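Letters A, B, C and D name the chains as they come in the text, with residue numbers starting at 1 for each one.
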Amino acid sequence: MIKVGIVGGTGYTGVELLRLLVMHPEVDLQVITSRSEAGTLVSDTYPNLRGHLDLPFTEPDVDKLAECDLVFFATPNGVAMKQVPELLSKGVRVIDLAADFRIKDVAVWENWYGQTHACSELLNSAVYGLPEINRSAIKDCQLLANPGCYPTAVQLGFLPLLENNLVEPAHLIADAKSGISGAGRGASVSSLFSETSGSFKAYGASGHRHLPEIKQGLNAMQSESVGLTFVPHLLPMIRGIEATLYARLTPAAQSDVKLEDVQALFEKRFKDEPFVDVMPLGSHPETRSVKGSNMCRIALHQQEGSDTIIVLSVIDNLVKGAAGQAVHNMNIMFGLGETTGIEQVALMP
Amino acid sequence: MIKVGIVGGTGYTGVELLRLLVMHPEVDLQVITSRSEAGTLVSDTYPNLRGHLDLPFTEPDVDKLAECDLVFFATPNGVAMKQVPELLSKGVRVIDLAADFRIKDVAVWENWYGQTHACSELLNSAVYGLPEINRSAIKDCQLLANPGCYPTAVQLGFLPLLENNLVEPAHLIADAKSGISGAGRGASVSSLFSETSGSFKAYGASGHRHLPEIKQGLNAMQSESVGLTFVPHLLPMIRGIEATLYARLTPAAQSDVKLEDVQALFEKRFKDEPFVDVMPLGSHPETRSVKGSNMCRIALHQQEGSDTIIVLSVIDNLVKGAAGQAVHNMNIMFGLGETTGIEQVALMP
Amino acid sequence: MIKVGIVGGTGYTGVELLRLLVMHPEVDLQVITSRSEAGTLVSDTYPNLRGHLDLPFTEPDVDKLAECDLVFFATPNGVAMKQVPELLSKGVRVIDLAADFRIKDVAVWENWYGQTHACSELLNSAVYGLPEINRSAIKDCQLLANPGCYPTAVQLGFLPLLENNLVEPAHLIADAKSGISGAGRGASVSSLFSETSGSFKAYGASGHRHLPEIKQGLNAMQSESVGLTFVPHLLPMIRGIEATLYARLTPAAQSDVKLEDVQALFEKRFKDEPFVDVMPLGSHPETRSVKGSNMCRIALHQQEGSDTIIVLSVIDNLVKGAAGQAVHNMNIMFGLGETTGIEQVALMP
Amino acid sequence: MIKVGIVGGTGYTGVELLRLLVMHPEVDLQVITSRSEAGTLVSDTYPNLRGHLDLPFTEPDVDKLAECDLVFFATPNGVAMKQVPELLSKGVRVIDLAADFRIKDVAVWENWYGQTHACSELLNSAVYGLPEINRSAIKDCQLLANPGCYPTAVQLGFLPLLENNLVEPAHLIADAKSGISGAGRGASVSSLFSETSGSFKAYGASGHRHLPEIKQGLNAMQSESVGLTFVPHLLPMIRGIEATLYARLTPAAQSDVKLEDVQALFEKRFKDEPFVDVMPLGSHPETRSVKGSNMCRIALHQQEGSDTIIVLSVIDNLVKGAAGQAVHNMNIMFGLGETTGIEQVALMP
């Protein structure tokens, strides 16, 4: 049994992590911290956990956390970086679900996140936890940066195209849409039901924090510097991300490569991946087909006479886009079966 | 392993049954029939099952079904009664998720369901599968009538009040609200998104088929004939039932019994029930706290100066109100641990 | 043209009032105050008003408001009572959309609203603005208390039953459901999309502020003291209230009165009311049939063998339950055609 | 007063047309036909019209329609083309809200709509009713083809860019999202609440009927043949379209033109258009800001270091995307004030 602690368990990634971990056969939950809710039962905040979890939220306490084999940070950006060094020094392994360790270039990070990084010396050793790309590095890492939600959906969708140099990296477009849980559980007017239900909009269209994270990943897939336009949108629903990706075939590929060939490449690339499902050509993956599950479903399209490949990619932002991927990473780090505890079938309807 | 067949797997109770059964450690799914979809993969209709289930829908075939230990009917009302007798005669056990065997009085059934019953001789031996009331009869039954969704939420809420003769049975009121999945997956204008989203209404306010089923259950809880007013409503959401129940304390109880006493009675009655959660006094159970789970959560209220007890009862209509309760009944019938395969934590948010 | 000011225009009743008033042919909007948004254009907060309204929010300023013929208060409870006396003394007429002047008994008000009333001497002269009951008093009043949303739907539904002594006033039940806009535009976790979408719950089941307001109204309809159980619920939608009302016929009425007679009484009572629509017997009014409109739709039901009359009543909580009724009252107070500016057809679908 | 008839009044564009026309001061509704609902009151199907419209649906009858000055067709594709020639020959003017007369090239039309055109000789004289482009032709036309919903949002967004040759026409991308009312009121599983709520997906990603209509419009804006990738998506909401448009600046424009210049061009182009609102730079228009209104709101963005212009364009698909634009066209055709009867403020929240 892995002794696990969670720092910051009151947000949506926190409760999702709890939903998965209370059913995980190899996890022994030791401590869940929350300054704001310390002393109250976790199941008072999240009644879905009544009967599954008897722990209270407690004040953060390094000594208590240091007794764990693994600590998850489900905290706002900028919190983990202040506590992680001490935990690492005590031999605890850490998975950070926030953005503190995702970006290698500290100047880029500080620019987009508007704060000074507290332990930039750790950035290089932190492993970016996208298992489909980094599996072997994940296995032995002590500090894991769990990918962002949009970056997960977008990188997996572009991956086989870029790895195989099929498309022009200079003009990629990712039109992405997310459910509102991505905005977190903080009280804010803009996330009220009456402000968002029955409506849709783009946001961050001039620039969003996930842009540099995605670019870093896409750059690593091939040799050129990518040009990416990324526009996120807010969907009137709780869970789910859909990314519609547009990439132009290279002149060479335009004459040689059929959509069926691209499909074959995708199927081959993800054949052994337990959490990527390449659907048949012409499919339109629905976000509900992954609701509550750790799956990413992908489908390909091309319009008549066009040199643009369209990739449709869906995930549950709280599972494959956050807590589920974190548990997947934990499974890899601790040598468990990769799918242990995260094989749930999506809730549909 | 229990060999299981499903007749009518294309509806919402069907797919929910599949979601639970593909993860059930003691179940071997043998056959899933659907006339309309025969020949296509189940996972083509329900992509959430991709990777979990490889079976196709097949034409109904009694011989194939007769090889099963247990057959679930997830068919429209009136279908099971035509096929069940033959299966029973071949030694197969049957759980009907529709209404064919719920009502003992065939005249009442035929009046409300508008058809002649095809095997009324079975009505007496069929066991009404509300485990909290009928556990011992369920264990040995061959034919089980799985309760309706509203009847489950309403009966569990009234049960301790009536068993203990605390309230006047002549003037019970059940104001119940259900998500739209209760209307099924048939194509109909009234269940379209654009007809139901952002709106709310009562329906069947002059009389609904679940009324006689509920009355039959409430009558069995005590000696008098109950008077029940039951009004169902349609909620703009997929899953979930909330029933707000109003019952007047008897004159004796008005002077003797405090709300705390009633609370204690509820807690005692359901103490050993794995799927009924009596929440602390003053709680307001949310349907989302049971979304995707087999739990029924109940809370009690009384307004100042009032002799009326208010019971709030929530379930997921597709789980505790249908497929989950059916699996619970299966577990009891086959001597498995009662919670096997149905311990999922509700999806929240 | 009536010179109109609005105090507190940033909330949902405020913007709804603006939606109606910018199209009202007899209104000249002079000033809209908001401490928090002073200096910004109203249409920056509410882009639906772009092109319809050029005013900025301004700091509250009594002298500016005193130049108006009429001032609406769309403020939180407890704000209007501090400013109204001065405005009245300067000859301005006032419509308060909050609760400050709705309850005649100051002790009851202070108990439910948890504060000391700042001008209880005005409570007697304030007119409760339910036009269907108080039309003549409204005409000449200087201070109008606009009814609450639940109280509007519930009182109109019970009105003909109680006025005609058809039902037992001691055991009335109102099971009411409201869209989330009723909770206002304040930032709070409990009103977030991710906390409320796809879910339903009762709230305030042990006692809600609208209970004394409703009781005061029902008591005035007949001679006995009413006993009312009122349970509000939260619907996963923005606008709309549905109240399902249960009232037992008196012994005399049980033998004499048929449902058709009750229907006739309702039709007669509301025949000349422009904003109450008694639907045909057996109808199930949907909240969407009044979305954005000032209409209240009512329908009657009775279940076989039952002595309970069921009344279904729907309104848009922001229109007939707030801003629309306020404009209706303004029209009456200023001698305009009653329906001027509030004849909008509901948005459906 | 204009004598108006409507053929096919039961669908969503039909009822939306009725909502607008019953309040229109210059319209006298004479006849509303529907084969399926003939003989029933329109307000029985659409209770929001109770009190506003007393007409029944009637069987289609050319003589009756021929007495009108104007007939709207709110019918499925392929219906109008069979009835329009006779009406035109009797001097009636016609606005078709379906696709029968939108595409000039009959081969293209027949290919995408899968049927033989019944009166292709009329295609040339039919006027495409996008007032912002075709105002003068609309004025005198006898047969008007009302634009599709997606084509309205997309064409208005690209218009100033293409007219001014600022972007490369060969690589345009339109990622568009629509509420479910766009799928119409037919009973179909795919439009059920339980199939669409809380989910999102692309559809028609390999090719959609609105693609040739949009291309025809964009081609007319400049001299080159456009290359357009158009992917529609289904939003879990009733009303609203958002189109996110991506266009690469020409090499010349990349060095010369700043985003502020583009903004100025958009503002100039639409300055006198009553139904196009160019929002300030950096805005993110929400679909709810146009819900129930005839407005199209547009905003521009450009990401750092990128040569791609992003245009965000929102409309209500049933108003500016259908019925409202039809009324606008009617106003122009009959010499009325352009905004008469369609000045409604959007319903927000």
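Assorted remarks:
Just so we're on the same page, contacts are C-beta pairs under 8 Å (C-beta built on N, C-alpha and C of every residue); 3 or more make two chains touch, one makes a residue touch a chain.
The structure displayed is predicted, hence computed values, not measured ones.
Placing every chain at the mean of its C-alpha atoms, the farthest one from subunit A is found to be C.
Between B-D and A-B, more C-beta contact pairs join the chains of A-B. Per-chain Cα centroids separate subunit B from subunit C by 38 Å. Centroid to centroid, with C-alpha atoms defining each point, subunit B and subunit D lie 46 Å apart. Per-chain Cα centroids separate subunit A from subunit B by 37 Å.
In subunit D, the residues touching two or more other chains are 12, 181, 185, 194-195, 197-198, 236-239, 285-286, 288, 291, 349.
Residues of subunit B that touch subunit A in their complex: 12, 15, 19, 22-23, 46-52, 181, 185, 197-198, 238-239, 277, 279, 285-286, 288-293, 295, 297, 343-349. Taken together, the subunit C residues at the contact with subunit A in this complex read 12, 179-181, 183, 185-189, 191-198, 236-238. On subunit A, the positions that touch subunit D within their shared complex are 171, 173, 175, 177, 194-195, 197-203, 205-207, 211, 227, 229-231, 233, 235-240, 242, 244, 246, 248, 282, 284-288, 291, 299, 301-304, 306, 308, 310, 312, 314, 349.
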